[in-house]
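What follows is a set of structures for review.
Same chain, two partners: subunit A is paired with subunit B first, then with subunit C.
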Partner chain A sequence: TTVTSEQIEHLHRRFKQLSRDELTIRKENFDSIPDLEFNPIRGKIIHAFFDKRNLRQESDGLADEINFEDFLTIMSYFRPIEMNMDEEQLDRFRKEKLKFLFHMYDSDHDGKITLQEYRNVVEELLSGNPHLEKESARSIADGAMMEAASICVGQMGPDQVYEGITFEDFLKMWQGIDIETKMHVRFLNMEPIAPCY
Partner chain B sequence: MFLLLPFNSLVVNLLGISITVLFTLLLVFIIVPAIFGVSFGIRKVYMKTLLKIFQWATLRIERGAKEKNHTLYKPYVNGIIAKEPTSLEEEIKEIRRSGSGKALDTPEFELSDIFYFCRKGIETIMDDEVTKRFSAEELESWNLLSRTNYNFQYISLRLTVLWGLGVLIRYCFLLPLRVALAFTGISLLVTGTTVVGYLPNGRCKEFLSKHVHLMCYRICVRALTAIITYHDRENRPRNGGICVANHTSPIDVIILASDGYYAMVGQIHGGLMGVIQRAMVKACPHVWFERSEVKDRRLVAKRLTEHVQDKSKLPILIFPEGTCINNTSVMMFKKGSFEIGATVYPVAIKYDPQFGDAFWNSSKYGMVTYLLRMMTSWAIVCSVWYLPPMTRQPEEDAVQFANRVKSAIARQGGLVDLLWDGGLKREKVKDTFKEEQQKLYSKMIAGNHEDRSRS
Partner chain C sequence: SVSNIVPESCLLIVVGLLVGGLIKGVGEKPPILNSDIFFLFLLPPIILDAGYFLPLRQFTENLGTILIFAVVGTLWNAFFLGGLMYAVCQLGGPGLNHIGLLANLLFGSIISAVDPVAVLAVFEEIHINELLHILVFGESLLNDAVTVVLYHLFEEFATFEQVTIIDIILGFLSFFVVSLGGVFVGVIYGVITAFTSRFTSHIRVIEPLFVFLYSYMAYLSAELFHLSGIMALIASGVVMRPYVEANISHKSHTTIKYFLKMWSSVSETLIFIFLGVSTVAGHHYWNWTFVISTLLFCLIARVLGVLVLTWFINKFRIVKLTPKDQFIIAYGGLRGAIAFSLCYLLDYKHFGMRDMFLTAIITVIFFTVFVQGMTIRPLVDLLAVKKKQETKRSINEEIHTQFLDHLLTGIEDICGHYGHHHWKDKLNRFNKKYVKKCLIAGERSKEPQLIAFYHKMEMKQAIELVESGGIGKIPSAVSTVSIQNINPKSLPVERILPALSKDKEEEIRKILRNNLQKTRQRLRSYNRHTLVADPYEEAWNQMLLRRQKARQLEQKMNNYLTVPAHKLESPTMSRARIGSDPLAYEPKTDSENLPIITIDPASPQSPESVDLANEEPKGCGGLPPSPEEDEEGLVMQVKEPSSPGTDDVFTPGTGESPSNQRMLRCLSDPGPQPEPEEGEPFIPKGQ
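== the complex of A and B ==
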């Protein structure tokens, strides 16, 4: 990867700040970021850091704590596109990022986004609005799920039950959206000091 | 053994003479001017010399870096990642457009909506505004303090020698001098105010009390080698008003009180602070609260109101941020002092970090360590601006008034005006803030949903 050593140093400093100079971070350490409280899916984002699927570990489930290497692994999902990537690399890049988002939806790790999980995400995203009743959030989620079903499976018979969105279906829904150009966090270049003569 | 004896007495004599000389110099050049409030301008000359030395040191570092063909990096001021300036609505619209081609006016949820929040979340995890404010501001040129150097590997021999000399001067000469001064200042304050306290109330007592306070604060200012520039002194706070300032360190009190006569507000502490506080209150009415009383906001407000309404009493000095901020921004002002209804005299204090970083990171350093750091810095240079008085307008409430004052202070001092609560350093975010972003999004999605019939 083309993450430079300065960027890694920055991230390391940030890691140390979050972990209060310890070697690992736990979920509680993310509580020290006030801006994150703004975010409705805060829980899911933090969860994503500890999700073993994202950490590319063989086992499944959640880790209790992550070290700096794991932190970098998660951050690597958000690295920007490199200019010299070919088709195959780009495709893999895109799939990786989408898999990260898929894991956010699929909270029970069964490889499918069920109606309940979908509802869960919508409710969280809309949870800030006190005027919105739970029923409305539910019906929005149901509507969206039906729509997803129609894209993935086409017309369903009256007895057919849609089990859930699999990763392939998920990919279909993101067709046309250039996620790989948007899902990244860019580092500002450090300005070099102009030497005086 | 014989040889040592005369040598010993010689050393003792030399020591004795040098100490006497030192103290005489101290008295003449520092304490006497402090008493009368005049200045010889020694500190300004000192400051100019130091600046020249710092410039030279920075040049050497750059030259060293050039020789090795590296580029030096200026520590980041604006954060390490590029944050997109687009808003929530624009981003979600854009993603939807490229995806399913649906417009935003159909209030439905899209799978891709999660993306915006996800990215924002990761951005804040990598780098956020608020936590940055709480660590010491990062400098551009090196000020010969090893605390503040990031390009350490480019230091040549000459520079190291200079730095070593600097350490020697600061720790062996300046530090004992400053400690001696501080000691003198504090003991004079305690004894002076106690003595004045025995006098009967009247103009004589007031006059003496004012001058004792001012004199001791001036000595303390010199003890820290604080070089202060006051601007707009005609706006200085008057009786019956409240003086409000931004807070960077406990030294703020000394800086303001050496130029004006204020009534302090605060909690009674134990130990040395407590002794000082109890002595001060004998000479003039400061407002000290017991620990238990501090929690009772109505009691606090009542006492402050009483004090303010008595026109013979001094202006109150308050720091509404509630905690020390690192002097690059001004955080939310607590509304308590703005509800009282007195005239508010805002004051902006801005420190120049080149000579010594005055910010007190109370979670990192205790009070004693902090004072030690202060006394071993080169100097504390700051500017104080007295802003014109403000009163609460009839149509605004206390919070709006507080924000107005805060903006004025931030603008004058060149500090960033932030909405965040300074108390965040220690506590968690209040729930009201959490709802903003969520509300916006849910309004977008479900805004018209109540009108649509449920299918």
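== the complex of A and C ==
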């Protein structure tokens, strides 16, 4: 990774804060971040930290705890683009980030985003509005899925069934958005570090 | 063709030149662009149009860059140019010696500002990528504050005997007052407009008026106090837009859009033509040294400024500006009518060399508009600068963008980093919690952005359906993907009713399509406040109908019998519903037995308000009206109008469910209730 040593120091300090000076973090440690409470997709974000696919481990499933190295690995998905990347590097860069996102959508790790998973995503996104009917979230997800199907497969007869969004389809959907420039966190200045409980 | 090579602005100036020449030739004195007219009437529509439709996301993402270009860039240009021109004047011989430093600085400040009108006119046509567009355009809008301050400052200083340090410091402070004051005024008026629009649900026809009126007042108020009117206008447009759009009806929205585009087009045209005419009409004083050096130094100043600033800015940007981008930014620094008008305002008493200034300014304007304007397009092609991508906003993109926003906010929180996303999220939450409740009417104040977006898309689809599917055929461009393709198990297990077979579905679709055609012909009684029935409403209803149908398939149905047929066929009833303007309506011959569909978009929680009506539509292979069969397909309710001939045949059900509110917003444009004596239904022609 190309995170600078200064940034690594900052992140290490934060890691120690979160882990209360232990060597590893568990899911419960994330509860101590106050601002995360308001985030509708909080569950998915925390889950992503423990997802073994993101931690570049060969196995599948969820880890119980992660150490600082794993923490850095996850953070490296959010590093900004560099000017001197060539085409191939850029493509790999982009795919990496999209793979991270894909894993977040695909909660049962089967390599496809099914309709139910997509509905789940939309429901979570709208979870900040308690008075909303479940119907709305579902119809949005259905509409989005239909749109995805028509982008990825084109015309479909009435008997064909679209199983789910595969990673290739996912790439197609994201073609219009430059993920390389959007999905990054500025590590430039990390002071002041926000407090934990 | 000519229009591909020559941008419109150039052609208009040429036309102005011709017209001016003509008038002069006839012996009359051609009119000069009066500064009052320019600043009070010609400029505001263009700026309001720009501000109201400003792509806010890109603007805020690049705000830092834009501000640096606008403020520092303009200051640099003004002082560099002013200083150099002073030097030129000192060396320029007897004709120029008397022009002092202040006069030159004033001249520099007038001519250094990039002009939004000219930039818009040229950049609109070359369809450059969004980043560059917003950078140059944003700069041209925001540098108004700097220009105003410098202009007034130097103008005043020229009357002083001595300029002290205090004056300079005050001048520096006045910059903040002018710009922030302008923004503040704009925000206030924006909030007032948003608040007003909350209560306009009964007088939809004058909704656009509030937008225009308050924005203009913002501009005037700001200008009154010598604050930046342009910034006020933009601030008010930006602030009011999300709330106003949530409150006003669809038709008002369209009205606003088209009026703004119309006015700004007209203004732009007039401005350029006037420029041409004024060139012919004005008193000129041509001094080779002055003019040529002005032109030269303008270009040099611009290029240097952009280069240095970009080097500085790139340290902080994620997406760096490439040399190609820098070239376009430098090249896009066009000057226009604002510079001309500002110069024209100068007082002869203090500025005897005004004519020379004017000549120089006109030369620079002509050069930038003609030469740079004409060559920028081939240059853009030559340098292979990225063009604007025509992406359709899709619901998927919206979901992903929102997801990404939340994800990045979450990561920032985990890192403990109060970054860009964190503050944006805080602002959004504040907006949702407090501001939206005040400024948006009714249910919509709680509507999350995703839902609002989804509804907008559906509306668009409905409109497209009508425009392309008016003959009743679903065009092949529309995807054939339906809910069956993605979720074949969508029918719940405990269904009591049999599944709708494919042919039934097809029949129902056919019926719907035919009715869509026919209901179009029905017009309401016409008065000044009513507009003709909108085909979009029918398509909208069809959309709702489809969704309704899908919902009903999964719920228990009330088994209402058919509505007695005779009610529909009675002539008075059908005429009442077809109440038409005898002047504007030629009914079809079989209009008497039109199946009338009134849709009541009741929310799913109240199935009892949905009647299953079975009708025998004319001319289709209709469904057999067998009472024992559940007609789960047709979900229609026949509703009698409260009195014959009223406008509200489409009375949506009472209740505040979101879909009702939406319907109300779309349909509630008829305006004031018809007077009691208008109750008489019109007799359609030919009956």
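What we mean here is this: the second predicted complex is superposed on the first by the 187 of 197 C-alpha atoms of A that agree within 3 Å, B and C clash if a C-alpha of one lies under 4 Å from a C-alpha of the other, contacts with A are read in each partner's own complex, and residues count from 1 in each chain.
Keep in mind that, in the parts below, a residue touches a chain if its C-beta (ideal position, glycine included) is under 8 Å from a C-beta of that chain, and two chains touch if they have at least 3 such contacts.
The structure displayed is predicted, hence computed values, not measured ones.
Colleague: Aligned on subunit A, subunit B and subunit C: do they clash or fit?
Modeller: Aligned on subunit A, subunit B and subunit C clash with each other.
Colleague: Between subunit B and subunit C, whom does A:Arg42 touch in the aligned arrangement: first, second, both, or neither?
Modeller: Touch status of A:Arg42: both partners.
Colleague: Scan A:Met104 for contacts with subunit B and subunit C and give back first, second, both or neither.
Modeller: After superposition on chain A, A:Met104 lies in contact with both partners, subunit B and subunit C.
Colleague: According to the stated criteria, A:Glu6 is in contact with first (subunit B), second (subunit C), both, or neither; which is it?
Modeller: A:Glu6 contacts subunit B only, not subunit C.
Colleague: Quick check on the superposed pair: does A:Gln17 touch subunit B, subunit C, both, or neither? Answer first, second, both or neither.
Modeller: In the superposition, A:Gln17 contacts both subunit B and subunit C.
Colleague: Examine A:Gln89 and indicate which partner it touches, taking first as subunit B and second as subunit C; both and neither are also allowed.
Modeller: neither
Colleague: Determine, under the contact definition given at the top, whether A:Asp31 touches first (subunit B), second (subunit C), both, or neither.
Modeller: Touch partner of A:Asp31: subunit B, not subunit C.
Colleague: First (subunit B), second (subunit C), both or neither: which does A:Met146 touch?
Modeller: second
Colleague: Go through the superposed model and pick first if A:Ser76 touches only subunit B, second if only subunit C, both, or neither.
Modeller: Neither partner.
Colleague: Given 56-64, 110-118, 164-172 or 398-406, which one is the stretch of subunit B whose C-alpha atoms run into subunit C?
Modeller: Among 56-64, 110-118, 164-172 or 398-406, only one stretch of subunit B overlaps subunit C, namely 110-118.
Colleague: Go through subunit A and flag every residue that touches subunit B in one model and subunit C in the other.
Modeller: Comparing the two interfaces on subunit A, one with subunit B and one with subunit C, the shared residues are 11, 14, 17-18, 30, 33, 35-36, 38-42, 45, 75, 78, 101, 104, 121-122, 125-126, 128-129, 132, 136, 139-140, 143-144, 147-148, 173-174, 176-177, 179, 182-183, 185-187, 190, 192-193, 196.
Colleague: Over in the complex, which subunit B residues touch subunit A? Could you list them?
Modeller: Those in contact with subunit A are residues 59, 62-63, 65-66, 71-74, 76, 78-82, 95, 98-100, 108-115, 117-131, 140, 420, 424, 428-429, 433-439, 441-443, 445-446, 449-450, 454.
Colleague: Mind listing the subunit C positions that touch subunit A in their complex?
Modeller: 318-320, 389, 391, 394-397, 399-404, 406-422, 425, 429, 446, 448, 450-451, 454, 457-458, 479-488, 502, 547, 551, 604, 658
Colleague: Spell out the residues on subunit A that touch subunit B in their complex, using ranges where they run on.
Modeller: Counting only subunit A, the residues touching subunit B are 6, 10-11, 14, 17-18, 30-42, 44-45, 75, 78, 101, 104-105, 121-122, 125-130, 132, 136-137, 139-141, 143-144, 147-148, 170, 173-179, 182-183, 185-188, 190-193, 195-196.
Colleague: Sort out for me which residues of subunit A touch subunit C in the complex.
Modeller: 11, 14, 17-18, 30, 33, 35-36, 38-42, 45, 75, 78, 80-81, 83, 101, 104, 115, 121-122, 125-126, 128-129, 131-132, 135-136, 139-140, 142-151, 153-158, 160-162, 173-174, 176-177, 179, 181-187, 190, 192-194, 196
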